[in-house]
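Comments concern the structure below.
Chain nomenclature is as follows: A, B, C, D and E, assigned in order of appearance, with residue numbering initiated at 1 for each chain independently.
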Amino acid sequence: MSIENGDAVSAQTETQPVEAKRTDEALLSVEGLTKHFPIRKGLLQRQVGAVQAVDGLTFDVKKGETLSLVGESGCGKTTTGRLLTRLLEPTAGKVIFDGKDISHLSVGKMRPLRRDIQMIFQDPYSSLNPRHTVGTIVGAPFKLQKVKTEHGVKRAVQDLLALVGLSPEHYNRYPHEFSGGQRQRIGIARTLALRPKLIVADEPVSALDVSIQAQVVNLLEDLQTEFDLTYVMIAHDLSVVRHVSDRVAVMYLGKIMEIADRTALYERPMHPYTVALLSAVPIPDTSRRGNRERIRLQGDVPSPVNPPSGCRFRTRCWKAQEICKVEEPPLAELAPGHRAACHFPENTDKLTIDPTGASHS
Amino acid sequence: MPATVITYIFRRLFAAVVLLFIVSAVTFSIFFVMPKLVGGTPETLATRYVGRAATAETVKITAEKLGFYDPVVVQYGNWVKGVVAGADFDYGAGVERCPAPCLGYSFRTKQPVWPELLDRAPVTMSLAAGAATLWLIGGVAVGTLSALRRGTFFDRTAMGIALAGVSLPIFFTGLISLSFFSYSLGWAAPGGAYTPFLENPGEWAYNLLLPWITLAFLFSAQYARQTRAGMLDTMNEDFIRTARAKGLPERTVVVKHGLRGALTPILTIFGLDVGLLLGGAVLTESAFSLQGLGKYAIEGITNYDLPKVMGVTMLAAFFVVVASLIVDLLYAVVDPRVRTK
Amino acid sequence: MTPPLEVTESTAAAPPEVTLAGMSKKAIQGRSLSQIAWLRLKRDKVAIAGAFVIIALILAAIAALVLDRVFNVIGPNDFHQDLIDTEGGTLAPKGTFGGMSLEHPLGIEPVNGRDLLARIFAGSWISLLIAFLATVLSVLIGTVMGVMAGFFGGWIDTIISRSMDVFLAFPLLVFAMALVGVMPDTVFGLGSETVRIGMLTFIIGFFNWPYIGRIVRGQTLSLREREFVDAARSLGARGPYILFRELLPNLVAPILVYATLLIPTNILFESALSFLGVGINAPTATWGGMLSEASRFYTMPHFMLWPGLAIFVTVLAFNLFGDGLRDALDPRAR
Amino acid sequence: GGNGTDGKNGGGGTKTPAFNAALTETFNPSEKKGGIVKIANAGTWDSLDPGETYYGYSWNFLRLYGRSLLMFKPAPGGASNELVPDLAESLGTPSEGGKTWTYKLREGIKYEDGTTVTSKDVKHAVLRSTDKETFPNGPAYFEGYLNLPEGYKGPYKSKGVDTNSAIETPDDRTIVFHLKQAFGGFDYFAHLPQTVPVPEAKDTGAKYREHVISTGPYKFDKNEIDKQFNLVRNPEWKPETDPNRKALPDGYEVTMNVNADDIDNRLISGDIHIDITGTGVQPASLSRVLSDPAIKANADNPTIARLWYTSINPTVAPLDNKECRKAVLYAVDRTGYQTAYGGTFSGGEIATTLMPSQIPGAEKFDLYPAGPDNKGDVAKAKEALTACGQPNGFETNIAYRSERPKEKAAAESMQQALARVGIKLTLRPFPQGDYFSQFAGNPPYVVANKLGMALNGWGADWNDGFGFLSQIVDSRVIRETGGSSNTSVRIPEVDKMLDEAIGETDTAKREKMWGAIDKRVMEEAVILPGVHSKSLILRGKGLTNVFVSDAYGMYDYLAMGLE
Amino acid sequence: MTEFSEDSLDGGAATRPEPSTKPDAFLEVRGLRVHFPTDDGVVKSVDDLSFSVARGKTLGIVGESGSGKSVTSLSVMGLHKAGTAKITGEILLDGQNLVGMGAEKVRALRGKRMAMIFQDPLSAMHPFYTVGHQIIEAYRVHNKVTKAVARKHAIDMLEKVGIPNPKGRVDDYPHQFSGGMRQRAMIAMALSCDPELLIADEPTTALDVTVQAQILDLIRDLQQEFNSAVIIITHDLGVVAELADDIMVMYAGRAVEYSTAEDIFNSPQHPYTWGLLGSMPRLDRDRTERLLPIPGTPPSLINVPDGCPFNPRCAYANLNGDLSMTERPEFRDIGGDHHIACHLSAENRVRIWDTEIRPKL
């Protein structure tokens, strides 16, 4: 089924050196990606500070794989997604797509590339224009990119609708006549219209009920196989992330704390933050109640306007020491394909610890 | 904190000054540029300010004296200079200093505008203050009750009347009520009656009662509608549910939690309305022949007494600006989210 | 490959989230929001009554024009001084209730004895025309400015917002009066009435735009943040496409509502200007002008009653309809 | 009411209220002193400064606080048209065939501050009034006729300039006026408030209006310009120096900017005594006054020396053709016109001539009879139109002052009446402030905008042919830049006739010549006379010695007292 | 401060009696129906619902969005606006029936004997009053104490819910608190009068996992301290697994399954529960190839399908002929205090669970 392909890619990951892949296989490659939103004040709109929403991200996304970005609210996931699709222009750093630096392309130059990079939005309600019919919405890509379709736009749209599991009769309906899950499918159909190579999905299932969420997750997986898609999946639900991704990047306050292969990350998390995140996930199993080893983070995420010095996580980290305050840990490759930015990483002895705190079943 | 408040006020005041500049420039050009476009000359302009027996010579010297031969920019500059630094007024037998803010001298009566404005302002202020009190209390009370009894007979009637109130022109209600309550029944003071508050508060109120009520009727209608809408929204808020969940008595929930939230947007409208009204309730004042700023403005316009019009426009704009500043400051008092941002 | 369809037919026929009583859910294909609003509006008796009054008014206004021109009924400007008490010198209409009679159902004016009913009818089209045109103007300017401010933001927003402040700070009526006073009476060889209507339209319309501008700006600001705008941009849409195809359709409803509610305001504004003596030239009847004249004869209240009522009914009808429309388009708003 | 059984008393008159009781006789005569007279003004004074004021009611009222050389006699009816000496001992003595006029001041007249009035003060007063930069609104007779030095700009600007060529004051009580040309009616100039003495030391120019130094029986107490002021007794005024003033009340309280309808109501209720403008009740009160006999009995209906008329501009085609103008005159509905101005009582009498009957020399004639019912002679009008070559009528515009409802009503009436003969009038209101300067009185504008007709009105500064006619029929007052009251009369012959009349020293002959001018202008059909104004005025409750002064066309404010 | 009732600690799963006749139940709901007459028809938000909670016990209510969870909790609190909702059935709070009780009486119970915390703590707190003020207010309605005493109590409560520096923070406004702190403050407010029943309606849905874990811990700890009966409403099975003793699964306004937490997770008997479990990717199991979603979307509560409301989405509805389509399944005890509303026969249920569902999870 669909997942073999992904597994193959991740298998590759573990065997090949990182540098090599970056040059030949990466569909998308990001270097030092930074976005600071200026905070302006006063009559003259002087800049008095900046929200350091994303600060120096570096990662690659290989063709056909799914890379997930996880992290707490406000850590810069959406901003990253919007930078990748060039809805935002980076303050610094590079976004290289298919070998082409798109970081500062003009709107006009970017337009042809938009066929290849598409985005799925989080909110199925606000991502569809309530005044447009489904036909108009899903047909918009053809219109905007002036793509000729073999049997006309209507036919193409109806095919797309069928593809995402909607009835082609829905062509003339309006978004408000659909449920959240169906709307998300409409959004996905629109994304697929131009047969993109890369899809950035910003929390595509967060707004949906569990039962619907599963439908959409399955749909996304199926589409990936069928069209050989590459996904950058943004999510905060670690269980979903584990289910859909090949590789996972954990973000905290605009920085990547840890990036690794799915299995590696879930089974041998190295960054304390990742460990804490995993241990906070509630497990639907009553038998584990009480006998699960928990790490409870204290306090809240600091403000991205003036993030902590050194390691950004140090204010909530139980392992933090003086050095964490002074020196920012580099995102170092501590194991093949497994990078973490921590002075005192966990699981470096390659001891397998079940992150859920229970014995492996 | 106070420091930021002060800088905030200063910033706002600076913006206000800029705004007043623009307002004055526009008003000025209406009176000088527009007539020129229609073919007016300095002499035709000056003819407005001379008697019926004036000779061409008289017209010329008047035009000269009023500076109509200067380019408009220079004239405007002089006006601004007067406001900022004061001006000298040549009254023939000598020169008098008109200290800043010198809004000039009436072209017609040769009286300085500023003291006249100060003289007229109390009438308008009395009118505005009384009416505003009435409509705020009336409108908010009716609106709140309507919201709480949504869909009942009371709600329908009140909102029906309110809609009617919004739909009635003030000059109509004013005239009708004047003709009925004052001239036919003799219950209320006739139009034009005004006694300063300090002279006789009772008479002051009696004289203004009819204009107050008429004006308040119009406004309270609007406020009742606004309050009702606001209350309905607020009473659907989560925090109202919380207040109820705490077991608070319904009255506390409505007044302390509901009204408090619903009234904040009303504050904005209230500020703007009062600000505009203070600048001259043109229609009310002319319907009731009250010698307030609105009437003053009309006099100024009908007599082409530019300094008067400028003065009253400035004052009106000033009131609006100040009112909106006060509203914004009040917002900070009322809404901690604004204060502690 | 597994078909991506895990959806059964029942999903396809999922009930719309907005359901209406008595409507078969599958019967209508693609019921747009406006259709739904229309269905809601149809159920609002009061609003429909308002709409009927408005339609009746418009028809009456047209009829007044046609009757005046084509048929030879009592003209709004015909004198009936024989019905005026000139001998006694009071110049009041002879008879009771302002000279009401079968021929002059609403009575006649003092001094010249013009028929009030005819004048009310004749006044309707001026009032409505000016109010409509002025509304169109305000809506045009307001929408363009509001959308620009909201969509582009930055200094464009600053400039437009500040200029709205300036407008709001003006004592409008005073200003309008001043303007009317200095505006030329004939332009481009047009007759004075046309020019006058144009001028009043301009003044009323021009001064009202900031109100709608603010609303549109606010709406645009919030719409701009909606993800469908990003979606369009991520498909490579240009500014104009986003503006006209994505944002504007969503602005239609609030604009429409505001426009309906602006018309009555403009009717009042026009009558206020006429009342203050800067409206349409005599002898053309306008409601405000009639009121203004009537105010000189306050001892004959019937004379101000009719134009006052006419204004009231019209404004009320528009307000009722506007309220209903707002409720229909945004049921949450109340 | 009042039961007024005392009947006649002292100076003749009645105590019984009756309509027009104060028209030719003194109503409620009394010598009782005391009381405060309450006065209301719907508008405001143009100026309280005697050097600048130009309102009739103001001249009437000003006599309470200022004494000019001569004055109109405070007497009922036509007797008031007589000039009597006030500050001067006698009427002026002409010499050099009317080029020089000499007056001698009474002895012992003092200002409110106790200083004695001298002829120099009168000279200063007259000279300052010629400073039109400071006093642009006042009458301009003196600067027009006095032999002032070239370029003289008044005593403020032209300080120290020798003005003896115009006015000489050989001693403190003598004042001699030197004119540029002979002027038979100079005594009328001498009655102008501009001859009320102003002490140079106390002269504050444009600000003098705020405190005029009184020479009359009353002086200013509190004065809030455009709002209200009080007059109180002036202790320095001596009745023995003044045969004309009774000074009965203790003072006056004047309020301005009072709602006009309110004034009527308050007059009827007795809250106030005088509506000072004397223009009559508002339309709203008309029915109340006329249909309530009790109120009507306290009203008078004087005729005022004012003509409401329509200028017919011969510069605008087809009105350049006399026949077309005649057609207008024939076609107009005169009753309608009269009604528009307020009907027989508050409007006036239908006029067929320029000069009202009060003006000496006025003759009654009607060159364009308007049919038996005065509603216009349609047949004659059509005839005239045919003669003019416009048998189906024509289109033209009529201008009026937008602020004046009566003019609007008259224009509407004309529009209706002229439509009967196919003349289509378009109404063109203009703001009154610019009416003469930019629009109806601006010849190029009139031509360019085809203002065939313009509503107009004229009241004489004083009841005399010169005062009435010179500003409205002399073509030489028309300025191409606009601003004159005469907009349509351009008859060279009339100009000549005017010059002759002015030079004529024989009063009787002169008066006849005014009548001839009136006729000549009417023949030309450039003026459509509307009404000779009348007003319906109310006597305030409790006033004594009330009578209408023909000179002012309203109650005389000097003689009144309180019960 | 804390009231202990004698039955607080016993009552294990084994000896659980009928839900409607449980003797030690503090809250007992019987045959609750909440219907909203609207323009479009009657919304049957809750239809014939029965459950109970004892002191010291936690009931979890799970179900998809719109299944009537909140409506149920609001009915218990008596918070439905008079006139809008038609409530029938019995809500027995410590033996007193709240349905039909005078509004004033219910008000006196609210906040004192039963309290509630809401999903979105920001909008649930009045933005214009300080956090302290709102707690003091809650305390003083039910306790005649001076302001100073109440304030002291508020500070104590804030301390108890783990707000650092409560003395300083008591005068802060809600917007000055972070999301987690706000929810803590809400809890402090709810617990200020030691209520015997606490209803938490999705208390953690708006929060990040790390914060969610903190809050869940807090609720658990506080329940132990106060020994109150707790109802926790959520659509996350993980959350109930952490806290609940009993779990009720709701679908379309009805309970479809109701049992102890262990039973629900270990041997669920209703296809809908299976669907929920199958839809969830789980961290504690090996990653599955594919999620097993429930097809379709929840029904409209105006037109609830005939028969079993779940039948249009149920893969096994046809196993009973057309029974599922025509007859509403009874909510019955299938032994061991396990209640379900399903037509499937016992062996079918066991077979399907053991052979079809469990292996795929």
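The rule is simple: contacts are C-beta pairs under 8 Å (C-beta built on N, C-alpha and C of every residue); 3 or more make two chains touch, one makes a residue touch a chain.
In this text the structure is predicted, and so the values were computed from the model without any measurement.
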Touching both chain B and chain D (chains): C
Intersection of contact partners for chain A and chain B: C, E
Between chain C and chain D, centroid-to-centroid distance (C-alpha), Å: 48
Averaged-CA centre spacing for the pair chain E and chain A, given as whole angstrom: 32
Centre-of-Cα separation between chain D and chain A, whole angstrom: 92
Whole-Å gap between the CA centroids of chain B and chain E: 55
Residues of chain D touching at least two other chains: 261, 403, 431
Chain A, residues touching no fewer than two other chains: 1, 179, 182, 215, 218
Multi-partner residues of chain B (each touching 2 or more other chains): 15, 35, 38, 183, 302, 304
Parts of chain D lying in touch with chain C, wherever the complex brings them together: 261, 282-288, 290-291, 335-336, 339-340, 342-346, 402-403, 405, 408-409, 411-413, 415-416, 426-431, 449, 536
Residues of chain A defined as touching chain E within the complex: 1, 3, 72-73, 179, 181-182, 209-215, 217-218, 221, 236, 238-240, 242-243, 262, 266, 276-289, 294, 296-301, 355-356, 358, 361
Chain B residues within the chain D interface of the complex: 35, 38-41, 43-44, 47-59, 61-62, 64-65, 91-94, 96, 109-111, 116, 119, 183, 190-193, 289, 291, 295, 302-304
Footprint of chain B on chain C - complex, ascending: 162, 165-166, 168-171, 173-175, 177-179, 181-184, 264, 268, 271-272, 275-276, 288, 291-292, 294-295, 298-299, 301, 304-305, 308, 311-312, 315-316, 319-320, 323, 333-334
Interface residues, chain B side, partner chain C - complex: 15, 19-20, 22-23, 26-27, 30-31, 34-35, 37-38, 163-164, 166-169, 171-172, 175-176, 178-180, 183, 229, 232, 272, 276, 279-280, 282-283, 286-287, 294, 297-298, 301-302, 304, 309, 312-313, 316-317, 320-321
